[in-house]
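I've put the structures underneath this note.
Paired with chain B in one complex and with chain C in the other, chain A is shared by the two complexes that follow.
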Partner chain A sequence: MSDPSKKDQPSKDPHQGSQGSKDVTSSPQKPTSQSKQPHSKQVGGASGKGPPSQSTGTSSGISAKLSKEEKKKQKAERRSQKKVETGKTGQSGATPGGDSGQRKEGGREKGGVSEQMKSQAKVIRQIREKSLSQSEDGKKVQLFSHLHQYERTQSLTKSLGVTSDLPPVIVRLAIMYSSGVICGSNSRCLAMLGAFKKVILDYSTPPQKELSRDLQVTIKPYINFLTTSRPLSVSMGNAIKWLKLTITNVPLGTPENEAKEKLCTDIDEYIHEKIILADEAISAAVRRGIIKNGDVILIYAHSSIVTKCLIDAHEEGIQFKVIIVDSRPKMEGHHSLKKLVNAGIPCSYIFINAVSYIMKEVSKVIVGAHAVLANGYVMSRVGTSLIALVANSYNVPVLVCCETYKFSEKVQTDAFVTNELGDPNDLVPINRRHGNILSGWKDLTSLGVLNLTYDVTSSDLVAMVITEVGNIPCTSVPVVLRLTQMNN
Partner chain B sequence: HTPKMAEEVEQRVEEFITYLAQKKNCVHSSYDVARRTVLFLRDIVSKTKWSNPRELMERVRRDGKRLISIQPGESTIGNMVRRVLKIIREELARCLRGSEDFETKDSLHTMLKGGGDGDDYSKPVPNLKGAVIEAILELLGEIEESANNIAAQALDHIHANEVIMTVGYSKTVEAFLKGAARKRKFEVIVAESAPSYQGQQLARSLAQSGIDTTLITDSAVYAIMSRVNKVIIGTHTVMADGGLKALNGAHGLALAAHHHSVPVLVCAAMFKLSPQYLCAYDQDTFNKIVAPHDIMSFAEGDLISKVHVQNPVFDYVPPDLIKLFISNIGGNAPSYVYRLISELYDADDRDL
Partner chain C sequence: MASEDISTVRNQYEDPKGLSDAIIAIQELLKVIENSKAGTIARLRDEIKTATEELIAAKTSTVSVSSGSELFLRFITLTSLEQTNFEECKKLLLERGNIYLQKTFKSRDRIAEIGAPFIRDGTTILTHSRSRVVLRLLQEASNSGKRITVFITTSTIDGTGVIMQKFLEETGIASKVILDSAAGFIMEKVDLVMVGAEGVAESGGVINKIGTYQLAVMAKALNKPFYVIAESFKFVRMYPLNQDDLPNVEKYTSVDSGINDHPVIDYTPPRYITLLLTDLGVLTPSAVSDELIKLYM
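Up next, the complex of A and B:
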């Protein structure tokens, strides 16, 4: 232990103090006066190992510690080499104390694409390690061990250094995602596009770089940062694909201000066309042919498009009743309930276990979707498939409202392969006087808690998908996808 | 038979009625209710004054109806009353004829003979009291042993490395799973059954016994079902058509299992078997609606006053979704339930 410490004297001190503690959590507690230290410690401890190192950080035996020491030694050597290099090519003045330790900034200024790629990878890794969402003691269910479990273990901002180069609007967005303030496919996409508009407006092309290429490179780490707070939704993914395409299509030689303005107008147009107008079209289709006088409509959780359709239909004068089905732990049905009650629609409210009790009174089931997959399966909030199944057994039609920008080329048949694991601790509070039944569940080794976010409803349980291009059966979704690709 | 005894019996009735009328537990444990009913009926037989079987049966019927009127949803009371009435009839036949008379009234022989009721219930029979009390105690023993008998069959139904799903907190199912866990290694997935959260209690209890348990939300039942080998649930009552009056959410679970071709096994003791049918899908008389404070707390009074919140307790599961009933006398298909009913209860007692 003594040899490496002699070599990298400046960076070792935080190490000494933090050897016994976990890799990721120790860095935020260090004061950022020595801004270099947390960064270098991160890089030293994690590079070459990737995510598994965090979980093995505390439990690693002496041998693991030794190998970490060795890797730190190598890292330190490489760093000192880089110091010489970057000293030659000149540093960006973007952040104070910018020296070899601040390799995130340095990365962008080095010449050569390969250097850029490597530093990009490092940046991504750094961001991932600092993100709030990875929990070291996360107890994961075996069935879903291939997925990442998002637990809110620490505050996001604490883990970021003062000198982080992420724009505050992106950080704010990530916090709102992970805390659930912004929830729902459309809202998340809108918020993200709004944030990117701001980023583009604040962006200034560095000298000797093309906006069309450099802007994309700039945006990439932001997207990765957002992913660490919550996985991208399909709507966000499609919007980002479109955005990247639009950025590459900016003609070379356009003056910067013009290009930025054009991009912002393009984003506005995209939002207007794909989301706002599409919602209007879907609402009109629902008003015209779907909801009739005397109907009892069943909805699940909260979908912005479905509540919009119901409120518009009510304003047009159609008399109908709504039954809102809600489920734990998100309880998004409360949100729908408030909106509909304020609009004056007569509502009922039940939990999902009572769905088969209430289904005999229901005339139609209308749900929203997170995405519609290319094989016609509908990916939506967990519980939708159960409702569709019960509705089918009572011969009640199930209708899905979905804008075409949420159509995805992926195919999936079950809810295991790709899903989002929410925080299992959300299931614990049950609002009872006698306290929570599951308090201290982590101490029971045989007990696992699973909090799924999405599930997949098969196409034979869904009667129709209502989109802005028309009312189509689930099986026509790949046709729409192909047509939109051709149009692009 | 002193007046003091009569008073005692009256007191017992009042106690029982108070117990039944308790709103603290939304649903009383069927086992508790069954035991108490049987003990109560034993007291009636031993402590009240009756001279002939008809008087005894009248008394039993009257008190039984009084109890049922307090909690019509507790079919176990009616079941036990009918069992005791059948016991009385059987013991009477045995005392009179001195041998087990297996012929039911519907047998071809009696129909052809044109004879009506062969036994005269108005004649006093000397040994009847002792015989009836003995048989009632046997019934009590059967009830108390039912959970153990069911758990003893566990190894016949669970193989190694299975994934079993369950919902709610049934003590029978808990004993079943713990019994199997002694010799087999398997995994259990429990749905938390909001708003009663009984599933959470079961998950905790199973995990404390060392069984690998996973707790999921009710909404994830369909999503997880493709990975499940068997669904094992308990029930409140087994209806006469083989359907179930089970905890709310059981119908959704059974549908999901049926869709994925996963067998549904129901662990229910014989005292839960009821000769009642589901009379109407409106469920007004079938189901029980309780206070919705677990769904939407009264703290949101503003919202709750404008909205109709429903919190049903039971669910009807039709017999075609169920594969097997595991009871203390062995396994049966739902199609065999009618036969069990004709063995346990007398046709005349169907309407008390």
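Up next, the complex of A and C:
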């Protein structure tokens, strides 16, 4: 398998070779692979590989970048020829780290899976190599150079030939993620679980294999592929962990149809319990004690659980007003605004730069969360910690609504260590008056454009986390984690 | 419950040397169970509920009574009652109830033990209103030979601060009553602030006699440690975000003292509290939620 790859990109040798080849053992020496690995380790939430290379990754990443720069310049011409041939494919640099990390797992898995893994790996390698060729065009801000920047310039699917054995439902899902059609922690997780249900139903155990082992192995490359479109959210990561555990626990010797049916029922139950019922419980708690008559509630962007709580509270007859805060480039507040106005709730809409002006009118701030970390810090859409800071300075309590399946065992105190870098080109169109003042940003060496997706709000800024197990202070998140682990 | 019972209960509440309000309430509830003529668990539970409401109405501020009663109820009905015979059930409930009561009797002793190292020889303490637990703790410290000085705020409305000072004098502790408004003035002279609690909320904050919040804010401003002394049955499943979230029925009193519109309790948020000294141990405000989850599981 290594020969065809070398034929395609003979120039890639030392640097790319470690990432591209199946030579699992060579990666420790290669600085470029280390620089990408932190990303892969964090992204593969389900695989749970610790980030031992993370600390070394960032420092070596910078020096690696410099040497990579030089060598890239040398090979640029040869590569540009290849570019024209094959067309630009794949997310720019989306997979290098992801694959080398996952590759190791693939490499360690011996036996019959190697065929499937090889072909899958080859496809992913091709995508990555092509996208690497233009990753130099993607300018990254120095402080976030250890993170991968997701740019939507390339088509995910161009490199996937007819022979690709990725199920179409997974490809469809990846495209929906990368284009932003499915956005939001809960929706992404639900869509993913739905897709995996289909995968399980279509799956047939190869002869001489056990479903509980083989199915896991089959799913791995699909997860990798999903990661190339957008990094896994914490909710998705937890769901995948649970799914892998459930698959492993399928008793040996169960007839295939029974096992598949049982898995599908389990997935349905998980969705029902952890998401749907949890949302009901949170909504009930909010209606019961949180929102009172005459309240002015401030919400940010769009959170499915927060809008649900507000609509249910309104239906119950509680009189309150809502202020929706929105921000570029995603403008998710429009979605909230539509939903709430249609429900008949009196709303105001402001931009995030006006938050300090409006805050003195606000009685409570209610936000959703992408994840709540083990030290009580809340990871949410970028802009949330700004709102929490302003709210605290006006003594307005900040409440976070979050289902317990989004609780993560990670500990993070800032938004630099792990984050998701969105496409910087999304920030370029400003408004009619200023036109495309930023359109030439790539040519200016002194200008960088940064499009962060998440930020981390400190636990002392949050008054309460509303979950389906009750209203808890931020600091009690590890208690809930401990109890759920005990129950498992 | 008969009306004579209610009036005896009210007197007992007022007895400063006596048992904690919640313990009195629990004793009454045990009596209710004993004398109950109900034939089913559901009926019995209803009787207990009505009795609890009457007990709550007998006192001006009811947080500790309601929390104590609820915890008591949970404790006695914790494990499943498999006996089919109702009499057996009742006996079991009474047994467990007495065990719970014995545990709570010892809670003040336990707190005095735990809190002893916090008061050193020569410490000046500021306290608020009259708390039997704090009184016990201070007496224990004084009896073990430490020389302490205590300032007590008058806590107008019922002037309980003055009563507290009398008891401290009886024990031989140097004490002085100060005006509520002089708390800021005196704060630089004290080493630590110690208050009791009516209820400890899930957030780690405390609900206590009006004026506690002010003391806490001033203590924080001058970097003095603020300790709350409370037994574990005062942990209540409330999560107030601000003063407004306290239930009105507990804030305002209808006892004719002529000051009907003034709140009698306030809420101190957890960020002003250094530590809580309880019979479960010394807790930080964030640990209260952990303990509550354990207690209510």
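The definition used in the following text is that the second predicted complex is superposed on the first by the 349 of 488 C-alpha atoms of A that agree within 3 Å, B and C clash if a C-alpha of one lies under 4 Å from a C-alpha of the other, contacts with A are read in each partner's own complex, and residues count from 1 in each chain.
Note that a residue touches a chain if its C-beta (ideal position, glycine included) is under 8 Å from a C-beta of that chain, and two chains touch if they have at least 3 such contacts.
This is a predicted model, so every value here is computed, not measured.
S.K.: Examine A:V382 and indicate which partner it touches, taking first as chain B and second as chain C; both and neither are also allowed.
M.R.: first
S.K.: Where does A:F351 make contact in the superposed view: on chain B (first), on chain C (second), on both, or on neither?
M.R.: first
S.K.: So, does A:A463 touch the first partner chain B, the second partner chain C, both, or neither?
M.R.: Only chain C; A:A463 stays clear of chain B.
S.K.: Once the structures are superposed on A, label A:I472 by its partner contacts, choosing first (chain B), second (chain C), both or neither.
M.R.: In the superposition, A:I472 touches chain C alone.
S.K.: Is A:L373 in contact with chain B, with chain C, with both, or with neither (first, second, both, neither)?
M.R.: neither
S.K.: Quick one: classify A:K360 as touching chain B (first), chain C (second), both or neither.
M.R.: Only chain B is touched by A:K360; chain C is not.
S.K.: Pick one for A:V286: touches chain B only (first), chain C only (second), both, or neither.
M.R.: The answer is neither, since A:V286 touches no partner chain.
S.K.: Between chain B and chain C, whom does A:L483 touch in the aligned arrangement: first, second, both, or neither?
M.R.: Only chain C is touched by A:L483; chain B is not.
S.K.: Could you tell me which stretches of chain A are touched by chain B in one complex and by chain C in the other?
M.R.: none
S.K.: Can you tell me which positions in chain B touch chain A when the two form their complex?
M.R.: 192-195, 197, 200-201, 203-204, 206-208, 210-224, 226-227, 248-249, 251-252, 255-256, 259, 281-283, 287, 294-297, 303, 306-312, 315
S.K.: Which chain A residues qualify as touching chain C in the complex?
M.R.: Residue list for chain A touching chain C: 289, 364, 397, 399, 460, 463-464, 470-473, 475-476, 479, 483.
S.K.: Inside the complex, what are the residues of chain C that reach chain A?
M.R.: So the residues of chain C touching chain A come out as 202-204, 239, 241-242, 245, 270-271, 286, 289-290, 293.
S.K.: Would you mind writing out the residues of chain A in touch with chain B in their complex?
M.R.: So the residues of chain A in touch with chain B come to 141, 143, 326-329, 334, 337-338, 341, 346-358, 360, 381-383, 385-386, 389-390, 393, 414-416, 427, 430-432, 437-438, 441, 444-452, 455-456.
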